[in-house]
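You will see two complexes here that share chain A, one where it goes with chain B and one where it goes with chain C.
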Partner chain A sequence: MIRQALIDPFSDFEFMRRALAAVIALSLGSGPIGVFLMLRRMSLVGDAMAHAILPGAAIGFLLSGLNLFAMTTGGLIAGFAVALLSGLVSRSTGLKEDASLATFYLASLAIGVTIVSVKGTNIDLLHVLFGNILAMDDPTLLMVAGNATITLLVLAVIYRPLVIESVDPLFLRTVSRAGAPAHLIFLGLIVVNLVNGFQALGTLLAVGLMILPAGIARFWSRDVTPMICIAVASAIVSGYIGLVLSFQTRIPSGPAIILVASLLYLGSVLFGRVGGVLPQLFPGRHLEA
Partner chain B sequence: MMAQLQFRDLTLGYDRHPAVHHLSGDVAPGALLAVVGPNGAGKSTLFRGIVGLLKPLAGTIAGLKPREIAYLPQIADIDRSFPISVFDFVSTGLWRTTGIFGGIGAAARQKIAQAIAAVGLTGFESRGIGTLSGGQMQRVLFARVLLQDARVIVLDEPFNAMDSKTSADLLRLIEHWHGEQRTVLAALHDMDMVRAHFPQTLLLAREAVAWGPTAEVLTADNLLQARRMCEAFDDTAATCQPQQRSARAA
Partner chain C sequence: MKRLLPALSLFLALLPSVPASAQTRPNVVTSFSILADFARRVGGDRISVTSLVGPDSDAHVYTPTPHDAKDVGAARLLIVNGLGLEGWLPRLQQASGSKAPIIVATQGITPRKRGADADPHAWQSVGNARVYVRNILDALVAADPADAAVFQANAERYLAELDALDQEVRAEIGKIPPERRKVISTHDAFGYFADAYGIQFIAPLGVSTETEPSARDVAEIIVQVRKDKIPAVFLENFNDDRLVGRIAAETGAKIGGTLYSDALSEENGPAPTYIAMVRHNIRALTSALGR
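Moving on, here comes the complex of A and B:
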């Protein structure tokens, strides 16, 4: 019975196995990116970026129809353009990163919606907005896995400057020039992972697999490394349960995955060891020292 | 002897408004120099210029490359909510030897442990920096400076809000650095401490009011003048003309 519900969907149907592989790959990339987004107080930046990708994807769609590869390439170009422009503007002027990003992403979003509504149909728009993880073909799956691999490798390279820049940016600037490039590369990684999630979950929910697992992790650990591991694990668990849920019910896969992650988040807010509601209400007797 | 740091007509500031104005002078190698002055006198600005965080609006700073200077910022500039342990935070002081990729081996770990012990924080290695008190965090910053092993050390208000025990401990470290012939610059507000422990003083109020042996600099007249000179940031100030200045000086 349990086996039937939890394992059979994947052993019986190839599209489910592909979806599971995709969601695991996505989790491996999005987990750590989300943790750094949160620790650098950039959670909403991820959200803004997700919208900024839209015009690129829309142009890709116009040029070659519902071709995921073309849409991904377009999304990457648009996302990088917005990330780099806003990063450069905020670093060369006094404007804060969030403000400069907000201006660029709004312009970008307006262009994207214009393009899709002038040329496409409502069904196209729905597909762009919500994605479809159950329609992973070979090239798409390879691309998702490739992007996740690139993310982990690049993150390993910029990890040290990224951490120091988050804690003590002035110190990093006095010992090294690596801070600014690390930040820009990190913005690039956000785009890569958004586009990655975008095929599976759509533009609106792609950022969910970054932010929610990071939020969950914050309630269970005080150190960056375990935090990243917890984020990845909870993203994978959300993906798996979400897929099962969407297979057994009529909930679409993308929202199902994000709903499960939201429930895990809610549980963490209530019971989390680090700053959860219940542990704060009932902290136990105070210690001696 | 070659000066360790040379300021030549140095002007530093923000949005073209000078916070340090036409400063000239030399810091000798091994000097222990207190930089004093009212709030807004340009002490932090001068330090940011020295370590290369701020480009001069005019004039030059010569001597060392900014990367060869250890800088202790004000605690407020650090995000203490970031989940990093005391040990890891202090280990960033080894950046010059490890860089982006270099590993931290047994010898380095021992060095880090020694630096943490030197500031009296043994046992705190795995604590997150967010759980430390202000005084403990300042000790952590000193440990990092210790690891940086730099010829020149720049301390921005290291004793702000420190109790007497912490101040005394950290002051001993500074005197130890002085004994090792390192050049130390510190922004300070406690004039008694400056008189007791710092042989040289620069009294700053945007411009240098006085610079020399501490007893000659910290006179009542000089301190009063410094307070008067720290006038408000003037949005409509005229452009500073070099001719006018030399005329005024003449």
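Moving on, here comes the complex of A and C:
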């Protein structure tokens, strides 16, 4: 019975196996990114970035019609441009990161909407850009997995400056110049993973798989490395349970995955070892003499 | 006398040797592109036709623009499909201050029921298209009696073309083996077509096309296609052709091409006119279902 519910969907249907593979690849990339976003108090940046991608997708559409590759590339370029420009402005002026990002993404969104309306069709571009986790064909699956690989490799390279800057930016500035480039590269990784997530989950749910697991992990560890592991693991678990849930109950897969992650988050808020509500109310006995 | 009258009015219509200029041609506004094509064929160069919902756009989800209100305000005649397709029209007409009469082109067609509501896609059967054309002819004649003979002649010619088209569709479908005359389709637009020509459009059970499909929905479609040995899937309004590709890959069914249902394509597309649209659809069906 349990086997039937949990394993048969995947052994009977190839699209379920592909969906699971995609969600695991996504989790591996988005988990660590989400943790760093949270540590740097940038959790809402993902949301803003998602909007910044529109003009790129629109230009791709203008140049080559409804071509998924062109629109994805355009979206990547637009996202990078906004990330770079806002990163540069906040690093070289007094404007805070969130404010400069907000202005750039709004400008970008306006350009995107203008381009779309000049072309004058009422096809929803972002809708075309957004895929469905149940529709993983070979190119999409390879792209998702490839992007996750790149993310992990790049993160390994910039890991030290990124961690130090997240916890003590002043110290990093005194010992190294790696802070700014690491930050910009990190912004680029956010864009890559967002576009990646769009392919699989669609709309803002892509942001969900990035931020929610990080939120979960925060309640179970104080150290960065275990936090990243917990984030990745909880993202994968949400993906698996979400797919099974979608198979058994007709909830669309994207929302199902994020719903499961939200429940895990709720559980972590209540029971989390680090700062959870219940452990705070009923502290353990280990502090007693 | 009855035969003399059109001839006489034709003569009268031809008397002013200069054709009526663009300013004086009556403006006919139609709600969507297929009606516009009918009206153009009947009206010819004696009327100017504007379609509110243009080619490649969906009349179900259309939102009127101020420009459309202007068009409606300037219209001598408004041609609509009726059967609940143009829910937005009453408000638009009120907003535009138009006094133009509204002609319901489906007048006289017995609507199919889709649940409690009528299915508006009556034009998908060529037989019904003839009714549309006659209704439009009557409306144009009433609005512009001076050109009645021209309209009459245009309509006769067009109706003959539609007759030939109807025969052609039946002949093409006759070539498909009867046991293969079924497709899975989430299109709810082909009810009239299915009734008239005997191709089954099997809707995937319990699948709504408006929302994102769940894993269960996709699994059920796959099971159904395998079980009923359905030769082809036409699911393009799943919005994501990769999903349809996935279903086809797991069942061995062919992926049907695009079926035009609610709108014509642009001028240079595959279905710029009604007749081209029907031909395009029938070619898509026969190439997917034939052996």
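Some notes on this structure:
In this section, the second predicted complex is superposed on the first by the 251 of 289 C-alpha atoms of A that agree within 3 Å, B and C clash if a C-alpha of one lies under 4 Å from a C-alpha of the other, contacts with A are read in each partner's own complex, and residues count from 1 in each chain.
Here, contacts are C-beta pairs under 8 Å (C-beta built on N, C-alpha and C of every residue); 3 or more make two chains touch, one makes a residue touch a chain.
No experiment lies behind these values; they were computed from the predicted model shown.
Of the two partner chains placed by the overlay, only chain B lies in contact with A:L39; chain C stays clear of it. Of the two partner chains placed around the shared chain by superposition, chain C is the only one that A:A19 touches, whereas chain B remains out of contact. In the superposed model, A:M136 makes contact with chain C only, not with chain B. When both complexes are overlaid on chain A, the residue A:P161 reaches chain B alone and has no touch with chain C. Of the two partner chains placed around the shared chain by superposition, chain C is the only one that A:Q248 touches, whereas chain B remains out of contact.
Within the superposed three-chain arrangement, the count of touched residues of chain A is higher for C, of the candidates chain B and chain C. In the superposition on chain A, no contact is made by A:L6 with either chain B or chain C. Look at A:A110: by the touch rule set out above, it reaches neither chain B nor chain C.
In the superposed model, A:T174 lies in contact with chain B only, and not with chain C.
Residue overlap on chain A between its contacts with chain B in one complex and with chain C in the other: absent. The residues of chain A lying in touch with chain C in their complex are 9, 12-16, 18-19, 121-122, 127-128, 131-132, 134-137, 140, 202, 243, 246-256. Chain A contributes residues 39, 157-158, 160-161, 163-164, 166-171, 173-176, 178, 221-224, 227 to its touches with chain B in the complex. Listing the residues of chain B that touch chain A in their complex gives 51-53, 66-67, 69, 71, 73, 77-79, 82-85, 89, 92, 95-96, 99-101, 128-130, 144, 148. Remark: chain C residues 56-58, 206, 211-219, 222, 239-240, 242-243, 245-247, 249-250 touch chain A in the complex.
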